[in-house]
Every structure is written in structure tokens, then in C-alpha cells.
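In the two complexes that follow, chain A is the common piece, with chain B as its partner first and chain C second.
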Partner chain A sequence: MTNKYIALPKGVSAENFDAAIRAFRKVLGDASVLTSAEQLAPYIKTMMPVPDADHTPSAALLATTVEQIQKIVAICNQYKVPVWMISTGKNLGYGSAAPAERGQVVLDLKRMNRILEVDKDLAFALVEPGVTYQQLYDYIKEHKLGLWLSMPAPSAIAGPVGNTLDRGVGYTPYGEHFLFACGMEVVLANGEILRTGMGSMPNSNTWQVFKWGYGPYLDGIFTQSNYGIVTKFGFWLMPEPPAFKPFVIQYQHEEDIVEIVETIRPLRISGVIPNAVVIAHALYEAPVKAKRSDYVSGPGSIPDEAVYRIMKDHKLGIWNVYAALYGTQEQIDVNWKIVTQAFGQSGKAKILTEQEAADDPAFAYRAKLMRGDMTLTEFSLYNWRGGGGSMWFAPVSQARGSETLKQMALTKQILAKYGLDYSGEFIVGMRDMHHIVDVLYDKTDPEQTKAAYQCFDELLTEFSARGYGTYRVNTAFMDKVAETYGPVQRNVHKTLKKALDPNGIIAPGKSGIR
Partner chain B sequence: MKKIKLENWVSGCIFAIFLTISNTWSAQDEKTAPGFVWKDGAEIYAKICAYCHEAQVGPQIRHRELPAAYIRAVVRTGNRAMPAFRASEIDDESLVKLADFISKKETQH
Partner chain C sequence: MDETRRNLIKGMLTSGTLLAFGIPTVSQAMSISQTLSDSTRNCQLLLGNTPIDEAFARGAQAACTSYINHHQSVLPAFKLEDELLTNPLRIVDLLTQSRNMRWIAVMDHASAAIFTELVRNLEGRLLSLGSHSSSGDDTSFPNRHIWTTAASMYSAGGLLASLLFENRQDFFIVENFLEQMMGESAIKSPLLAGFATYQRVAQPATRLHCAGVSPQEASRIIGWKASENWKSISFHADQSSAYQDKTASDAAIKHPQFDNWIEATGYAVVASALGMGINQQPCASCAFVHRSDQRNPDHRGLPGKHFVSFVIDV
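Now for the complex of A and B:
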């Protein structure tokens, strides 16, 4: 019987797993319970530098209703079979559609893809987990609702539920996605259905308009967690502004980033610039315009001299600051004056708008991201080294210029040790700053794959030793990151897990929680 | 006031209100409205593939008479940096249509 499945959940016998599969088939039908190697192949591909076998699922369940999910958790409890939930499964660079641990059953919610409500007046949406940004974008256009989405770079193929539950971000003024979440429906491990906030109250129509409800606020414990299965998700949408002005400000020297962040911070905190400001290094933007092989060959990280040639050849700054203004034309005119005065003071900034840069492919895709249009152009990053290896390194710091150079120097030093390039950007939030680095490597090269793993491990070790916490990480490193936040938090997470899911059937290992 | 809702969502909610006797929700208000389904291969190509394959991120794949079986295999397993797409995203029937759309000669469109 062991050969019947390509993997088994940890601690579950082949006989018990077979019985669980039979029970799943009764609930979902044969066609929605996938167990063959061919059917499961799309769930196995990840961009992480670990063997696929470490993250091979035993099965995938294609559920379409809440009632099915209630029955699935009952079966999981009976047979102690763990499920790993995915929505669109496009958490690329963070684990894709593969489970955290070998043998977990993927509960694939992609076919729960109904847009349940979009309210034009109150500007909110209620959707199921499988809804993609593209689907919602098309729906809003079709019904002429005049609302904008905020989405991450994999826009069209990703979705709001999975992205927000993993506390992902976007590039519009609504870009800190979990801030704009409002009401969830959650199937708990005991099969009960919880609607958070106002959703718990019968007859209430305020589920998607008032976040807090009464008593302890619960939504947060269902993000980056494994305490329940979110089956409906409400969030706020941004009314389409009358005018929109994207811009890029280029700087020529790496040390200029101190000035950049010091200039941005007051503009962000005061709301003059309402969206997260991206400060992209030349090597983050280069793949949209240039091929690495045109500038460097052989092993090792790209030398600074080649980076400067790329900048010159492709009209990039070493730092490229992307932001936008939103509102009426009058509001934009006033704020533009404030922005240009602030950045113009030192004489180092080159300010470009759509007028000068509309045809620039890097500017064009950044502008799309900042107005919630669909684009996958940022995937150009994956062509830089080729071979399909990528991990996002994402430490958080205060939004201060003094934080930047030391972080960049440390990152570059560790990447160079392993022969990898610095494809980095800083994103200035409301008071924080995310340093986002795509650790790109060739996964078809075993040596580079091994180096990438060691490199990422060292990045996490060195940054956490300096007090820089990682806000999100791929499934191969979740335990390591959980450890960096200390034993008390880990113990509280574990206590909640025991209380809400005593059999540990929901995504064990997520964020290091079991 | 313009409010956009799925018809069955409204009826489902009303149904749920009458059924709910405590503040615990049941799955009985689950709607029966069908979810999103693809119309044809052209739609899938435009809404997924074209964002890379018509944007100089991935290679050109249309009008090259690539074998349909090869296209289906690459979609399901990915290829180097290209992500894999599951049957829950592009069902088997739609994948056949997509492969057909991609592999046809230019003159056949």
C-alpha cells in the first residue's frame, strides 16, 4: 500500500491514510481528490533551495464549499491527517503551492472563487479564497464600480485572501493589506464556523465596515497562522481618484539612500505621499531592461563596475524612488510642489514623471502597480540568474536613513560570500521600512542551490542578531524565523494552537507553530 | 445607491438569518451560485500567459506550432522560473483549449 501514494503524512500509517482518502472521496467525489504523481506535480514545484521531496504532498483536496471543509476537518481529526491550505497558490519565493512538511494534504481552495459582494458606496469586497486579483479587477471594470485594487507584484495570478493572510503588501495607499481587512469567516478545527468582528452577530450588516466587533480582536490570529481555515474574507477598496501622478526620482550614489529615506519619512507620516515608497536598487530594476550575461560571466556576484555600466546603458539610477500622488488635480498640484521642493533641496535628485518616463518599461510597470493594474513584469527578476531559484529576504527596520547603508553593506557582503547579487529595494511604510531582497539563484545548479541555502540561513542569523526581524519567510525557514522572536511568543503561539486545534490537523509548521 | 451582489448571496443571507438561532453560524447559508469558469483558450492566454509571454518576460510561445502535449506538460509542471498551474486554476478541459489556442498557426486565428 505504501506505493499507492507519493508521500504519507508524518506518523500516519498507509492503512489509515487510505481510509482518510476514501472518506475525502465520499465528501468531494473522486475527481476532486488528487493523489497521483501527475496530478500532484504542480503542487511540488517551488523556488526554494531544498529537495522537492521535503515538500511533497500526499494528496490535494479541491473543496468548493464551507460544508465540505467542515467535513474534511472532521476526517482529518479522525485520522490525524494534517492539511495545508492554499488559495491561489502563487506565494512564489515563499513556498508556492507546496506544503510546509512532506506528506501534508494540500487543501486547495482555488475553486472557491466567488466574488460574494462588492459595495460601490462603502467601497468594500467580500470574496472567497480562490478569487484572483484579475477576476476582481475584471468584475469591478465590468460593473463600472470605480474602485481600485492594491496587489503585490504577481497581481493577476495571486489573490487578496492568500496575500493578506500572509500579510503581504501592495503599492497603492491601501498597500498594507491587513490594515484594510475587515471581517473573516473561519472554519475552526472542531468544525465550527466563526465570523470575526461584527460577523458574529445575527442580523448585523456591519461585518465589512467595522473591524473590531466586541471583545478581543481575533482577525490577527488567523494571519500567518494555522488556527483555522479562512473561507470568506472582507476588505476595503480604494475609490478611484480623479487624478493620479506616478513619479520616479533617481540618484546616482549608493550613499544617497540616507538622504532619500530622511526626505521620504516626513512626507509619508504626514500623508503627503500616501503610498509605500519603493527605493529600488539598480539591480532590482535592471532585469526589466538588461541581461546579466551581457555584463558579466562566470561565477561570483556582479562587480560594481558592471552595475554602473548597466545604469548608464539603461538610464537607471543606483536608487530609483517610486511613489505617486492621488486625489483631485488641485490636491496633487499642492502636494507635488511639496515633494519637488523636498527632493530638490540637495541637487542630487533627478525627478521624472509620466511625461518623461512613460515609455520606460521599469517606470511603466511600477506605475501600474501603484494604481492597481495587472502586470507580471516584475517576474523579469527571475531571468536575472535563470533556473527558477528565488527566496525573498524581508527584514524590517525603522524608517531612518541611518538604517540603510549598514543593512545594505551586510546584505551585499553575505550575498557576495556565496557568489550572489544584491537585487534589493527598501520600501518605506508608514513608520517602518522593509528591506526586500530577492535572493536569486540557479536552481538547476546544485552548487549554487547549496550556496543559496547557506546564504539565506546566514542572512537570517546575522540580521536577527542585530535586532532586524523578518516579517515573512518561505516555508523552509519558518522555524528558524520563529525562533528569532523568542521563546515567550513561541509558547503563546503553541498554547493557542493546542486550544484551537488539539490534534494539530491545520497546517502544522506554519510560522513555526505546531 | 448602487449595490452589486450575486443574486444567490442575497437569498442566501436571508435564508441564513431565519435559520440562525444563536451567534454560531452554520454552513447552511452557503450559496449555490457557481464560481468562475474560463470561457476559452484565448481568455486564459490573455489573463495569465500574456502577462509574461507577450511582455518580454517569458519567450514568445504563440504561432510556433509547439506540440499541444508539450504545452500542457509545461503548464502543469512549470519550466525553470515559470510557475506551475494546477488543475484547480486551469482545469483539464480548459488546458486543452489553451494548448490549442497557443499551438495553432497564425493563419488559423
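Now for the complex of A and C:
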């Protein structure tokens, strides 16, 4: 005989859970409350080196309205059932759609997919959580609004709400997504609806144009958190520039990262290069063009000699700096001169524009991302080693060459200890850099899976010991990262949680907050 | 649907590449699939444009041939001409237009990451998700299969184990079932020839089938705790008349032999999707571990193959 449910929430009896499910069905209808193994299986796959059983949901709820969500939180409070919200659930490499803890009910908001407003003049959008970038992209094209999106690598299938709430980034001048967020509607655990910023004022028409409102700014506490369920989200869009000039600058030695960063920082801070520049290592770009198994077999990380062969065979630099200029042709011409002069000084840089590199698949997908077009090509990474294991290691670095080199060397050293490759890139903010490393491993190989877990754990330990904090992490390591930020911040997070969600029904475990 | 997408789908479905595998074109496929018996959903194969497509499709077609002998039908298939990463809308349209269909899909890990997301978006039912690898690395077991399976009735592990066993290659298969068992379940069908079967003392719903290897060593190989205690179990024919009937039916199907493990995998996945699985014991997790008694087992052709199989209902 089999159980009625494939998992139960922690501390909830089968009888109580059954009663909660009946109540959910009254609100949503039978077809929108998923409990069978076949229906829930698509929510379970994670790429983390822990058993998927640790993250198996007990049910999934497909809500379509704010009123339904208010009723759902009431039921959750009554039966002490925790919910894990996803918008489109495309947090690949960070835990995907699976909940942080076994037995949590997934509140899947994909059917809340209305584009509520796109203002051409003020260049903003107000959307529901299930809206995808593709949907918004199509809408903007169809209505000829002349606006650009900034999107992360999962582009077409992901959405702006989930990505921004997890503080994801894109590659256009609007690439630091939360910087461009403006106004949220949030269902709180007690069922009340909060509109942040100017949205709290009746009849205000400035909700999506002025972020700060009056009093403490609240939007931030609803990102990477579990203090409420965001049901509407405003953000700014970039007016389509009259001209766009993507380019790549290649360097041949790993130590050149120092020169790259020292050259880029002033250009970035002054706005000459306005977008989120990417400095991608050869092994981050190689999967678009090559297979690991063509160059190396057997255990251990890929040797430098093989990396240099890949570079030669596929016209890659060890570092590949992708950036773009935006504006009128006159502006671009002026800025291009500044860029080429800055990078040309040492004689180490090889600068390629669309004219020379348009046919290069790595350049093509990077150029697409920098102009807010749809592409999923970056996920070729998952074929590099094969086997389906992936975790994003994401420490933050100062935009300073010496720091970047230190982080790269330390990451590479720890990965090599566990036989894993350095597939890394730096995404350049104004003064910071997101150091993004895809820890790729074969999840069908138990030894490698164990090594990947230990490796990731050591990366977090060693980086935090040196004062390098991680800005985002998968659900298996959220508690560990929360610890690295110290007890005072954890207590503040916990105090807020107690005040806003005393029964702990909203996504317990998110960012280590319970 | 806009014209571009319509044209893309048209291009995909009328592709001559389908014929390379003996796969019917769309017009043929649709008419053939309509002849499937009412008791089985219409099944189709989706090949994700990977180097293993051909071998997997051969195994799949062999499974269909076995099925024909019992049910008069064949397996139509679609081969994506382009990678799923470059235009996921194609597959969205394809799946959207194929309601009431059981799809058996095979693709690389990059495409699989996206495909899983699309299946969830479309509210498809995922019956099994298998990750299949081989490598000649000294440190890893040469042939590895890990499945997440909704329920034991969709299990392909037993059938694949029986096929690979004939090859005398080292392999392991792990199946994790989402449907949760209540209490201890008895073994309800004959054990696989050549394998000794054990259950975990602390968790009897976990089963281990070992050939050429002790349960402790098998546990270590598949990443389970090597220190677990295992109890040997055996089958008693009088335990379940329902399963005896199924067993009798299974016995009537003569499964072919394969030299190529990818073909064998294609066969096992499709045969199980068509209801011809064997040794589908209700349990929480089960594993098959086989270590060849050959001193130098032939693992040629194994390095560097990784792919994912799906069985979904839409």
C-alpha cells in the first residue's frame, strides 16, 4: 500500500495535512491542487549534490488571484502548513522549483501571468509573478513600445519577478535588476496586502516611478526573504537606444585579469561602458563550442595545457570581456575611442567587434543578452562535464584587479583539490563584481557528487574566512551562508520573521530564515 | 500562433531526418499512433538531437517491435533538428499540440534542464526521469543509471538490469520512487536471475539487488551508506495472485539482447513506458549493482556518454 501523499510537511500529521488539502481544494478547485507523484515530479529535480528526497514537496498549489493567496495563507496558518513560493521556478543551479525543505507545499504562481501595465513614456512595467521575459518581450514587440528588457541567462523561460526577488542580474545597462525595481504588492502572512513605496497611498499614480515612498524603505526585505508573497511587481525598462555596439576583448593569461579590471573600473564608474560587463574565463565559454571529453578524460580537473588548446582551437581568450556601448552613433563613436585607447595601452588586448565576431557562437549569445534578446545558450555549460550536477558559487568581489586575481586563484585551487574545473566569470557592477562559478559535476557518479558537496562547503568556508561574502546560494547551503554573515544579522532576520509571520508558514529556510 | 513559429514546427515535423532512423514522418506517425490500443496512451518518441539518438531509437523501436507482437502497433517519433536551447518555443508548441500523449524523450543535460521546466509549465505528468552515464574513468563505475520514478509501475530499472546483465559489463542502476510505501512490502514477483536481493534492515522499503558484489560494497558504489545492515530476501510464489498474473504476462515477452548499453536503455525505457517492465517491485528505493567476474571487462565505447530520458504524459 502507498501513502496518499509523497511527503508531509515537518510536524504536520497526515490527518491535518489532509484537512489542509481539502481546504485548498475548496479555494482553488481540485485541478489546481497537485498531490500525485506524477504531477509533483516536475517540481523535484534539483542539480544539487544532495538527495532530491530532501527537497520533495508534499503538494503544489496553482493560484490565479490575490484573493486565493489570502485564503491560502489563512489555511496555512490554521494547519501550520509551510508554503514555498515560485513564480516561474527557473532558479536553475540554485535549487530550481523545489522547496528548501522536504514536505513544504509549493505555491506555484505561474498562472498569475498578467502584464498589468507597460508605460512607453515613463518606461516601466507592472506585472504579476508568472509573467515570463518571453511574454513581456513579445508584448513590447507587438505594441512597438521601443523598450528593452534586461534578463538573466534563462531568459525566455524565466521571469522578472522571481529573478529580481532573488537579486539576479542581467547584462544590459539595467543589469543590476533590483536597482531598477519600483513598487511591489505583497500578501503578508496575516492576509493583509501591502503595497510598498507610493503604492500605499490611495489614488497615487507614482507607484512605479518613485521608489522610496515615506518612512523606511521596505522593498528590500521582500527580496531573498520569506516575509511575504509578492503578487505584483513594478520595474523600469530601458528605452531602446538608437545604436548598440557589442564587443569582446580577449586576453591570453589568467594574470591579465588584474589589468582588465583596473582598465574597466573607471570606464564603468564613469558610465563610458554602461552595461554589466562580463569577464568570462575560457572554460565558461568553451561549452558553447567544444566538449570536455574531446580534450581530457579520466579523473581530476582539466589541466591548463588542455585549456590553452581549447583556446587555440576555438578562438577564445583565457579571459573574454564582453561589453557594449549604447546611445546615438555619435556617443558610441566617442566612447569607442576611449575604450580602445584604454584597452590598447598594454598591447595585450585583442579587441573584436560584431564585424569580426558575429559568426562566433559565444559572441552571438553574449551580444543577444547585452541587448535583452532571448537565448538559452549559456546552459551549454550543463553538457561540459555531463551528469546533471550544477551549483552556482557566487561570492562578491571588489572591482579591483588584485582582489579578482585572489578570488580566481583560490576558487581554482579548491576546485582542483576535488577534481573539478573552474568555469567562472565576473559580472562587473559599478564598484563590485559578482564572481559567478558554475560548480559542474556528474550527479550519476556518487564519488564526484560527494566531492562536489565537500568542495562547495569548503569554498564557502574559505571565502567567508577571508571576508568574501556570497550574495546568493542554492537551497542546500542557505543556512551555511546565513551563518557567515554573523549572529546579529541572523537575529534581525529572525525577529522580522517572528513579527511578520509568527507561525512560520512562508518559505521557512529561505536564506536561512525561520 | 505566429507564422514564424508555425513554419518552424512545420519544418521540424516534415524533416527527412526522421527517416534516417526508420521513423515515420508526421503524417505517417499520426495515422499510426491512432491505431494504438485504447488501454495504452498514444506514445511517441522525442529525440533531442544528441549523438546517442540513433542507438536509443534503435532500442526504442525494438521495444515497439516486442509490443507489436502483443498489441499491433509501432512507435512514431520526432527528431528535433535544432537544439532545445536555441528555440524552446518549438517544443512548447509540439507538446501543447499533443494532448493525451505519452512522450518518451531523450536529450543531453543542457536540454533536459530546460525540458523539465517546460514539462512543469505545461502541467505535464512526469512518470520517470533517468540520468544515464558512462565513463572509463578509473574512479567511477563505468555505467550508471539514476532514475526518479513516480511509482513502481513505471520502473524501467529491473528490465534494464536484466538486459545489461547479459552484456557482462559493470553497471549500477538506482531508482528512487516518489510514491511512498506504507509499512513493509513483500517481494511480489520473481527476483532477477543472477542477482541476490536484500532489504535495508532499518528501512525495509529500500532494496538492493547485487551480482558479483556484496551489499556493503554495492552500497558504497552507489553512494549509499556502506555501514547499513542488509537482510537477504527471497520470493515466495504464493504472495500475490495479482502479481503472478503480471509475471505470467511478462514471461510471455521475449526481450532481445543488446551489445550496446544505449540501445538497451532505449529498449528498457520504451518497453516500460508501454507497460512491459519487469521486476516492478513496490518500494521506496531500489538499486541493481553488477560487477562482472571478468578480470578485464570490456568497457570500450563507454567514455563520455551522458544523457537524460523522460517519460511524460501531456
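One rule holds for everything that comes next: the second predicted complex is superposed on the first by the 512 of 514 C-alpha atoms of A that agree within 3 Å, B and C clash if a C-alpha of one lies under 4 Å from a C-alpha of the other, contacts with A are read in each partner's own complex, and residues count from 1 in each chain.
Basically, a residue touches a chain if its C-beta (ideal position, glycine included) is under 8 Å from a C-beta of that chain, and two chains touch if they have at least 3 such contacts.
Since this is a predicted model, take the numbers as computed values, not measurements.
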When chain B and chain C are modelled together on chain A, clash or fit: clash
Which superposed partner A:416 touches (first chain B, second chain C, both, neither): neither
First, second, both or neither for A:3, with chain B first and chain C second: second
First (chain B), second (chain C), both or neither touched by A:450: second
First, second, both or neither for A:200, with chain B first and chain C second: first
Partner chain(s) touched by A:296 [first = chain B, second = chain C, both, neither]: neither
Touching partner for A:37 - first (chain B), second (chain C), both, neither: second
First, second, both or neither for A:114, with chain B first and chain C second: first
Which of chain B and chain C A:272 touches, first, second, both or neither: neither
Partner chain(s) touched by A:53 [first = chain B, second = chain C, both, neither]: second
Contact residues common to both interfaces of chain A (with chain B and with chain C): 38-39, 41-45, 47, 62, 88-90, 92, 96-97, 110, 134, 156-157, 375-377, 379-380, 382-383, 386-388, 443-444
Residue ranges of chain B touching chain A (in the complex, touch as defined): 1-6, 9, 17, 20, 23-27, 30-31, 33-36, 47-48, 51-52, 55-58, 76-78, 80-89
Residue ranges of chain A in contact with chain C within the complex: 1-3, 5-7, 36-45, 47, 51-53, 56, 62, 88-90, 92, 96-97, 110, 134, 156-157, 291, 293, 297-299, 375-377, 379-383, 386-388, 442-450
Complex interface listing, chain C residues touching chain A: 84-86, 88-89, 108-110, 112-114, 116-121, 123-127, 129, 131-133, 135-141, 144-146, 148, 150-151, 176-183, 185, 221-223, 282, 303-306, 308, 313
Residues on chain A engaged by chain B in the complex (per definition of touch): 34, 38-39, 41-45, 47, 60, 62, 64-67, 70, 88-90, 92, 96-97, 108, 110-121, 128, 130-131, 134-135, 138, 143, 145, 156-157, 185, 192-195, 199-203, 374-377, 379-380, 382-383, 386-388, 390, 443-444
